[in-house]
Amino acid sequence: MDLLGPLSASLLSPMVLAFALGVAAALLRSDLRFPEGLSTGLTIYLLLAIGLKGGAKLQGVAPADFWAPLVAALALCVAIPLWCYALLQRMGRLSTVDAAAIAAHYGSVSVVTYSACVVFLDGLAVTYEPFMPALLAIMEVPAILIGIQLGRRASAAARSAAESGTLRELLTGKSAILLGGGLAIGWLGGSAGQAQVAPLFETPFHGVLTLFLLDVGLVTGRRLADLKRSGAFISAFAVIMPLLHGVLGVALGAAAGLGPGGATVLGTLAASASYIAAPAAVRVALPDASPALYLAPPLAVTFPFNVVVGIPAYHAFATTLIRS
Amino acid sequence: MDLLGPLSASLLSPMVLAFALGVAAALLRSDLRFPEGLSTGLTIYLLLAIGLKGGAKLQGVAPADFWAPLVAALALCVAIPLWCYALLQRMGRLSTVDAAAIAAHYGSVSVVTYSACVVFLDGLAVTYEPFMPALLAIMEVPAILIGIQLGRRASAAARSAAESGTLRELLTGKSAILLGGGLAIGWLGGSAGQAQVAPLFETPFHGVLTLFLLDVGLVTGRRLADLKRSGAFISAFAVIMPLLHGVLGVALGAAAGLGPGGATVLGTLAASASYIAAPAAVRVALPDASPALYLAPPLAVTFPFNVVVGIPAYHAFATTLIRS
Amino acid sequence: MDLLGPLSASLLSPMVLAFALGVAAALLRSDLRFPEGLSTGLTIYLLLAIGLKGGAKLQGVAPADFWAPLVAALALCVAIPLWCYALLQRMGRLSTVDAAAIAAHYGSVSVVTYSACVVFLDGLAVTYEPFMPALLAIMEVPAILIGIQLGRRASAAARSAAESGTLRELLTGKSAILLGGGLAIGWLGGSAGQAQVAPLFETPFHGVLTLFLLDVGLVTGRRLADLKRSGAFISAFAVIMPLLHGVLGVALGAAAGLGPGGATVLGTLAASASYIAAPAAVRVALPDASPALYLAPPLAVTFPFNVVVGIPAYHAFATTLIRS
Amino acid sequence: MQLSEMRLVTVIAPDDLESRLIGELKTLGATGYTVSHARGEGSHGVRTSELEGANIRLEVIVDPPTAQRVVERVMERFQPQYGIVLYVSTIEVVRGAKFTGGAGSNR
Amino acid sequence: MQLSEMRLVTVIAPDDLESRLIGELKTLGATGYTVSHARGEGSHGVRTSELEGANIRLEVIVDPPTAQRVVERVMERFQPQYGIVLYVSTIEVVRGAKFTGGAGSNR
Amino acid sequence: MQLSEMRLVTVIAPDDLESRLIGELKTLGATGYTVSHARGEGSHGVRTSELEGANIRLEVIVDPPTAQRVVERVMERFQPQYGIVLYVSTIEVVRGAKFTGGAGSNR
């Protein structure tokens, strides 16, 4: 299989380059900074746009097609945080609460990585099942809850923060409201509704993602030093685990009857580590956990790894697995 | 006449659903919040976009066609605040200043409701007179001035705030500058000018409105408790008066020679209650008036009522009246 | 030559009218104000958009075509600040540091004026060399450095601010990162990359520029009083020098082998005075210089002059010169 | 115009805690509060963006006993877990009654 | 470095009043001011969005007599109608002359 | 809860200087800082927009000797060139050790 074509297409996409520009600007100590209104506005846009588009596609999905992939997705969401936690604690020798926090991030999913995957598949004209965005929304939450429970057992601070980090708080968090609400609006409005909002929420989506990734790059660049401090184990973890999760996700997807496109998306979701929903939840529910440990690896290692190497690889694996 | 088709089309439009999502998120105490830069940016966009589009259409309008609808519109703008004031004071037993403040809001017009009406008509491929956006801009101001004068007679605080709330201040307010200035730019630039800005100010308009309504929904949800506190009279007022004003507006529009589309728009304008321009003006000029009374009813009752029930009804009435 | 057609097209373009609306609103003391998030967001968008579009065009440019115009551009960038400085100091009797600051602004280039020129040429379907946006990015920096060096010799405050205003700081400034980074992204991504971001960064560009110019107009209106205070010499300078620089730029462009479109752009760049990059740099590096002197003339005189009179004139001159 | 002394408690806290902090303040009898957006750095690292979380700067004017209660509540319920900085200063206001627990509001 | 005492008047007011408040401050001899955006709640309800109106937080450093005049003017002309909170504190600055009415500016 | 006195230095400065000011504060031993966006006007004219430049409002809580050093450094290195306003006030904090140079951080 030719991996170089897609790889260079990924590497040279405006999205990846904007991320790299942001990292470079931060390392060069540029005064470029996104104001609050812009950063938050971009996040709101992306979450809502993904929800709306996904929701509109949901119309006409038969529950019968949906349940097997749903089970596969939930299995991933439960298993990934558990073994990440064990690994980080035993082999990585991280404190319980840090291990739990990182587990929550890697068990949850990244909407930006998901978008990069969709862009990649669209570029190859590969289709995927219409319920994948719904899986994205569903997969965001469980691992965060699991990670929080794991961390809470060990941390007095987290226990006394116990009124937070509950299911209720997660389901009313910005991320769930926009993604879930967007899905509902898209689904209820159907293609007629989507046609009305597409010129804002679909056509320029890729450009907005590029702008957002410039901002993500700025944060990542500022956080690179954290990575160095947190040691080689974490950095290795942030490459190896996504690869394993990606392969596993593709395999489970195939077993659940997804086509190559859908299996690639499921692999990508499994491989991705959250950096919008999970940090916001963990910040409040596991305040003891160190942001240096849970923010930098997803941003600085896993995200670029997935976009540049992972997604093409998962797709290559999916086509091999499912075609044969 | 079939009212259900348009009704469900309205109910399930992304705009209305986004508003509902915002209300739900606020009631669930979600942490979703639009930052200042985004909220204000959306307001600036909407006002300017409506102005620009309306202005471009004004080219080629003959004054002869315009004067009768203008007189109808002005009559509505003067009469509505007067009778609302009387009603609220006598039957509603509101204080003078609160009655005056609410009268200003119901006498003025809502640019968002106007936009919803235009979207509705566009969906049915119903045309309307090209000078309707100009009427929108004109109808924004008089009722606010009248309401302020009514309130000022009674309130010492308002009198000592007298250097504000003047015609000059209203005409240089954000809302008038953007709407009026947009009209002027659109009119001077004509269709060539409009072609240059349409990809920003027309194509994605509906999507931006959807995003804005999510924010409006958040405010409305936070304000729902106000509504309960202010009693049943106000809530009934906020449904019944718009219906009356809508019917009256359609009838006057028909009498002034408007087609069914234009009469629907005039009815909608009459029925709508301002929640951008009027609150800003009243806040400064009638500081004694209670925001709980003048903000919640237009947002939480009149706006959704008009969008879901009112506009289709005014349109049904207009087609009956004018076709026959 | 017919100058009136293009002139009225310029005067009545939404861009120019939005600028005028902003000036009028500020003079009327309107409460219209762009929040930080919106203003900064618009600046980031414009710089990045110009970079991206320019970069994508760079693919396939032969260095052989590029070097002569590059030399012409650099010559302008070095010469303009030097003679502006001399003139302002000797004839204008300005202090050394003020003269140097203004020289930096007029020697550097205005991305907004550049955009207006491109819009003008596109309107006439006149093409220009694909490397003009790269020239824009290159021409931004040198004159600022020269101006700062000139000012620093005279000002103790500037010398003690010496750790700033260095080449490094300029090259990592927001403006250079976005413009230069955009060029790089566009160039690496090529037309495939550009196609992905064009719906955000190209299609609505003109509309965004219009919105931005409304904000620029607001600042300009507030600054008009500065202009009056700073005397007639500066105002005359702000009209006459651009005209000279424009003519010179066109002539050098023609000599360097540019077509009429490219020569018009080079003339416009020479004639334009920076109001994004230069003020930011001068503020830090020449803190003694008076913003009233270096902000108002580019905004309130040179920019509108160039857009309304200058660009059509440079183009007329370019077509005469190069056709014959 | 007669000025009287009150206490101003300023709390710098992660913006995620806004609604919970405000809830506590109201329980303790604060008659109002003012919030603005802030970035910052401290022992819990940098807080300067949407992704990393940002701070709020919460100001509440209260009478001295309430100030003491606010300090205690925030230090007990929030400070041990979250990166919160809190400081108190004495200020002068015109009508002190406005700021004393529920009673004496100026409306 | 020698510090001298000055008065800091902080005004929390509806943002609609910004230009009028600043006009008054200048009339009273303030040599400058600083404004930031704020949200808040008090006896006049919640002010937290574009539609509901938001607050500004206006700081002005002045000498004690000017501070007194600012307090009086704001309390007389604005406070009775509008929801305004104002407080005064004593601060230390380096060159006090900068803040004393018109004279002594550092430029 | 025991409160102890500390010094709060507030610096209003052009936002372009943010990273340099923060660098200095860290060198001088500040354990943290808080920044918010501000507009303003003073002897250097209006600073109220992206084009004209805006201000930051930088707060740093330090012990009295560090406060003195911060004041001196800012006044020497920045104030002469740039329009900077700086003021100091005495505040009360809960665990003063958190704010004393490097040592005593609460994490």
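Lettered A, B, C, D, E and F in written order, each chain numbered from 1.
Quick note on the criterion: a contact is a pair of C-beta atoms (placed from the backbone, for glycine too) under 8 Å apart; a residue touches a chain by one contact, two chains touch by 3 or more.
The shown structure was predicted, so the numbers you read here are calculated from the model rather than taken from an experiment.
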Intersection of contact partners for chain E and chain F: C, D
Shared chain contacts [chain D and chain F, defined touch]: A, E
Winner on C-beta contact pairs when A-F is weighed against C-F: C-F
Separation of chain D from chain E, taking each centre as the mean of its C-alpha atoms, in whole Å: 20
Length of the line joining the C-alpha centres of chain B and chain E, rounded to whole Å: 35
Averaged-CA centre spacing for the pair chain F and chain B, given as whole angstrom: 46
Residues within chain B bordering two or more other chains: 29, 31, 34-38, 40-41, 203-204
Interface hub residues of chain E, defined as touching at least two other chains: 16, 36-37, 44, 83, 89
Chain pairs that touch, as defined at the top of this document: A-B, A-C, A-D, A-F, B-C, B-D, B-E, C-E, C-F, D-E, D-F, E-F
Touching residues (chain side chain D, partner chain F) in the complex: 10, 12, 36-44, 55, 57, 68, 71-72, 75, 79, 83, 85-89
Residue ranges of chain F in contact with chain D within the complex: 1, 3, 6, 8, 22, 31-37, 61, 89-94, 98, 105-107
Footprint of chain F on chain C - complex, ascending: 34, 36, 39-40, 43, 157-158, 160-161, 163-164, 215-216, 218-219, 222-223, 275-276, 279-280, 283-284, 287-288, 290-292, 295, 299
Partner chain F, residues of chain A touching it in the complex: 29, 31, 35
Residues on chain B engaged by chain A in the complex (per definition of touch): 9, 12-15, 17-18, 21, 24-25, 28-32, 34-38, 41, 119, 203-204, 206-208, 210-211, 214
